[in-house]
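Reviewing the structure listed below.
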Amino acid sequence: MNRTPLQSILLYGTVIFAATIILFPIFWLFNTALSTTVELTQLPPSFWPEEAQWQIFTKVWNDRPIPLWLWNSTITAVGSVILSMTVSVLAGYSLSRFSPRGSHGMGLFILTAKMLPATLLVIPLFAIFRSIGLIGSLWTLIIAHSTLIVPFTTWMLKGYFDTIPRELEQAAMVDGCSPLGAMFRVIMPVSMPGLAATALYSFVLSWADYAYARTFLVNSQGNWTANMGITTMRGEYVTDWNEIAAAAVFVAIPIMVIYLFLERYLVGGLTAGAEK
Amino acid sequence: MATIEQNLKPRRFDLARPSRQHLLGYILLAPAVILVALIIIYPLFISVDLSFQNVKLARIGSARKAFTLANYEKLFASPDFWLACWVTVKMVTAVTIGSLLVGVSTALLVNNKFRGRTLARLVMALPWAVPEIIAVVMFAWIFDSTFGLISWLIWKIGLTTELIAWVSTPGPAFWAITVTMIWKGFPFVSIMTLAGLQSIPDDFYAAAKVDGANAVQRFRWITLPCLMPVLGVTLVLVMLWVFRDFSIIKTMTDGGPLKSTTTLSIMTYEQAFGFFKFGYASAVGVVTLIICVVASLAMLGRGSKAMY
Amino acid sequence: MAKISIENVHKDYGDFTALHPFSLEIQDGEFVVLVGPSGCGKSTMLKILAGLEPATGGQIRLDDRDVTDLAPGDRDIAMVFQNYALYPHLTVRQNIGFGLKMRKVSSNQIARKVEEAAKTLGVSHLLDRKPKALSGGQRQRVALGRAIVREPQAFLMDEPLSNLDAKLRVHMRAEISALHNRIGVTTVYVTHDQIEAMTMADRVVLMRDGVIQQIADPDTLFQKPVNLFAAGFIGSPGMNLLSAAFDGAMIEMFGKQVPVNIQENAQLGGVIAGLRPEHLELGDGPVTFQVRPSLVESLGSEKYVYFHDEAHHIVRSGDAEEENDKGLIARVSHTGHLSENENLTLSFDPANLYLFDAETERAL
């Protein structure tokens, strides 16, 4: 591209400016975590602590049940992913290959499911889980998170399967596979990238939930997920901002790592469900 | 010519037979249908059912209470409800416009070729990766009334004479939430817009240049029209996200102060788990859902298929 | 190897009939080509033969074994697809051996047979590569290898050459024919390209809109097309078609009276005369007439001369409009220069005329 030097400066300048503003809150989080309480209760706010308090991380890790929270969030997410992916992969494949006589209806339904506020669904789910005595168990979350995940992943997967030519299964069937055999021996291996991306996306969705966790687990401290744990660190009157910031870093890291893996699939995966 | 023995094991229920092949479609769809029926459709029916009963703490299996429209009557007569509607509309508008502006701008920016472009794209989408609760932690501190950065900054610049208590004053609280949401929400718009921009064939621009169009004209006559469908869908999705949001508002301001940040979603939750009025809460929730559906369909019209 | 019996097979999608009752007896070792324009039902028929789609009615027998509702894998057939359909996650070796593995053949045997098939098709050096590392032609050969390795009773090929570039297509055409001569397996081949049909087939089945138009060997199809569609479809450039007034013994063409021998007479609604471009010659002949060419295309030793006779010229159904505009074509041997817009003498022999009933479009 032929740019005048002025245009280049303008472009790079704008990019750097925008990037700084976007990244600022994240930087500020680290700044807050590494500052002493004294520095935090001073004005003007310091832009970097005099001595970075790295030990805050070990302190918070040991003092607070952070490992427990992370563990709960993780197994909930893993459970949700397994449940949701199983169901959506089969359904997405069916919608892609068979277009059974319900697919338009299914589509409309998924549309509505995206509009459902979790705060509406949480009420009857609470009642249901209460009657079967499941309240307080992580199973409630695994099941409830599927309501968040399945509507998205089914359609993402359908879009993805659509890109795989039908002739592959046909060739496998002529070679002697049953239709299910063709699906598992041929289509699944070939779809691995799409499946992996969808699974990671499901993980992120499950990890992000707060509404369900807060409602079903409020009285079961041992089962608290990371999101719940963090919010309880905000005291009624006093908050140790450096501690909560450090805890926040712990909670954010897994997802940011996943995001790095997901990034190249983001455009494809997100838009596959939402365009044309 | 010797034939290889057909050593395939005979299948009892042979789905591979042409006449039976289509059955697999239904079989594969069944788990999803069952799951969805159990955890979405059935609860939805319960919700609607509850909304017509005078129920405090619902219990499945206990005798149904009498059918009554009282919840809905109360709802439509309640100033709190209309306030929540108004807050919701304000917030949806503000966040959507903000996200759109920032999202489209960043997408346009990053669509150019320059060194470090991949890094820029990564950075631009980063807020999406940060969990909402963490974003609240970040911004709650930044907006902290006493020691938060923004308060100090605005006071320093001279816009106010005293520190604003962001989270405990109605007006500013609203804006604190809005800013947080825009920060969280714009990457989605960016990504979608970027995808849309990249799907515009270069030939369009080449032809326009040959025809003598300058950059502004190219933007108006090529970029915008091609982007419209994507933006439309994105807009609706952002709208729905704000409508439904619970985490950010609940943990940042808990609907306060003085209900200035209570959206319909928050109100629903409050009534159910704050006041334990499941019936009334369900009514609010149902109305919220209907508004969502109507608004989305109205905005998309027959293009609703695009939203799958 | 086996003979294939197709009896009254038809396929409906609700109200729409994709395939009208289709009957055909294919002999053991025969190479049959189903040809026709898009949407004529040829691929549907092939898929039904393969068991990838259920027929709405009819029967299919393979060597007297009723396979109509048998799974594709149980029919002992192999298929070659237009886009090769090689398994991307397997090597060429595993691709070719896949069908054998499904049939629980011992791994020694699989290894041996895969080597054999690879050698026949000249892909032995590619055995350990993955499909994405192969060129189009190589992929097609691997697909063929996958088909022959199982020594099935029949091959089904669905437009296997359509994705190859022109030169490669000519080369692979010859290879497939050579392969067929060597192995001699009954083959059903689907294409929209009439040249492939003419050069490769023992017999051609011409189809249109789900109906069989004609079943014949290539020469017969060329010399005795049974209706207007068949006449126009086969041959390149296509046959010239003109409406001609018929008075009982003569038809009028280009202003001349031409004697014809038509058996049925009085009930005719009108006559359409067909004349292949290569049957028009420069200079005088049994029927001579003058034209003013609108366009002359030179191919070196041959020329295509385009001229018009709007009053009588018939558009072949399915023609693109541009061809219509170009008018009638004469294909003449001539080197040197022929100018347009100058009078030219053309002639033809009435014996080379094809005659059709204008209403029923059947040959007379």
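Letters A, B and C name the chains as they come in the text, with residue numbers starting at 1 for each one.
In the analysis below, contacts are C-beta pairs under 8 Å (C-beta built on N, C-alpha and C of every residue); 3 or more make two chains touch, one makes a residue touch a chain.
Predicted, not measured: the structure shown is a model, and the values here were computed from it.
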Shared chain contacts [chain B and chain C, defined touch]: A
A-C compared against A-B, more contacting pairs: A-B
Centre-of-Cα separation between chain C and chain A, whole angstrom: 55
Intercentroid distance (Cα basis), chain B paired with chain A, Å: 14
Contacts with 2+ other chains: residues of chain C: 51-52, 71-73, 102-103, 150
Two or more partner chains touched - positions in chain B: 8, 11, 14, 16, 21
Interface hub residues of chain A, defined as touching at least two other chains: 173, 176-178
Chain C residues touching chain B - in the complex, by the definition given at the top: 1, 48, 51-55, 69-74, 76, 100, 102-105, 150-153, 183-185
Parts of chain B lying in touch with chain A, wherever the complex brings them together: 8, 11, 14-16, 21-22, 24-26, 28-29, 31-33, 35-36, 39-40, 42-44, 46-47, 50, 58-61, 105-106, 109-110, 112-114, 116, 120-135, 137-142, 144, 146-149, 152, 156, 183, 188, 191-192, 194-196, 229-230, 233-234, 237, 240, 243-244, 246-247, 250-251, 264-266, 268-269, 272-273, 278, 281-282, 285-286, 288-289, 292-293, 296, 304-308
In the complex with chain A, residue positions of chain C that touch it: 50-52, 71-73, 77-79, 81-83, 85-89, 98-99, 102-103, 146, 150
Complex contact set, residues of chain A against chain B: 1, 8, 11-12, 14-15, 18-19, 22-23, 25-26, 28-29, 32, 40-45, 83, 86-88, 90-91, 93-95, 97-100, 102, 106-107, 109-128, 130-131, 143-144, 146-147, 150, 154-155, 173, 176-180, 204, 207-208, 210-211, 214-215, 226-227, 230-231, 234, 241, 244-245, 248, 251-252, 255-256, 258-260, 263, 266-267, 270-271, 273-276
In the complex, chain B residues that touch chain C: 1-8, 11, 14, 16-19, 21
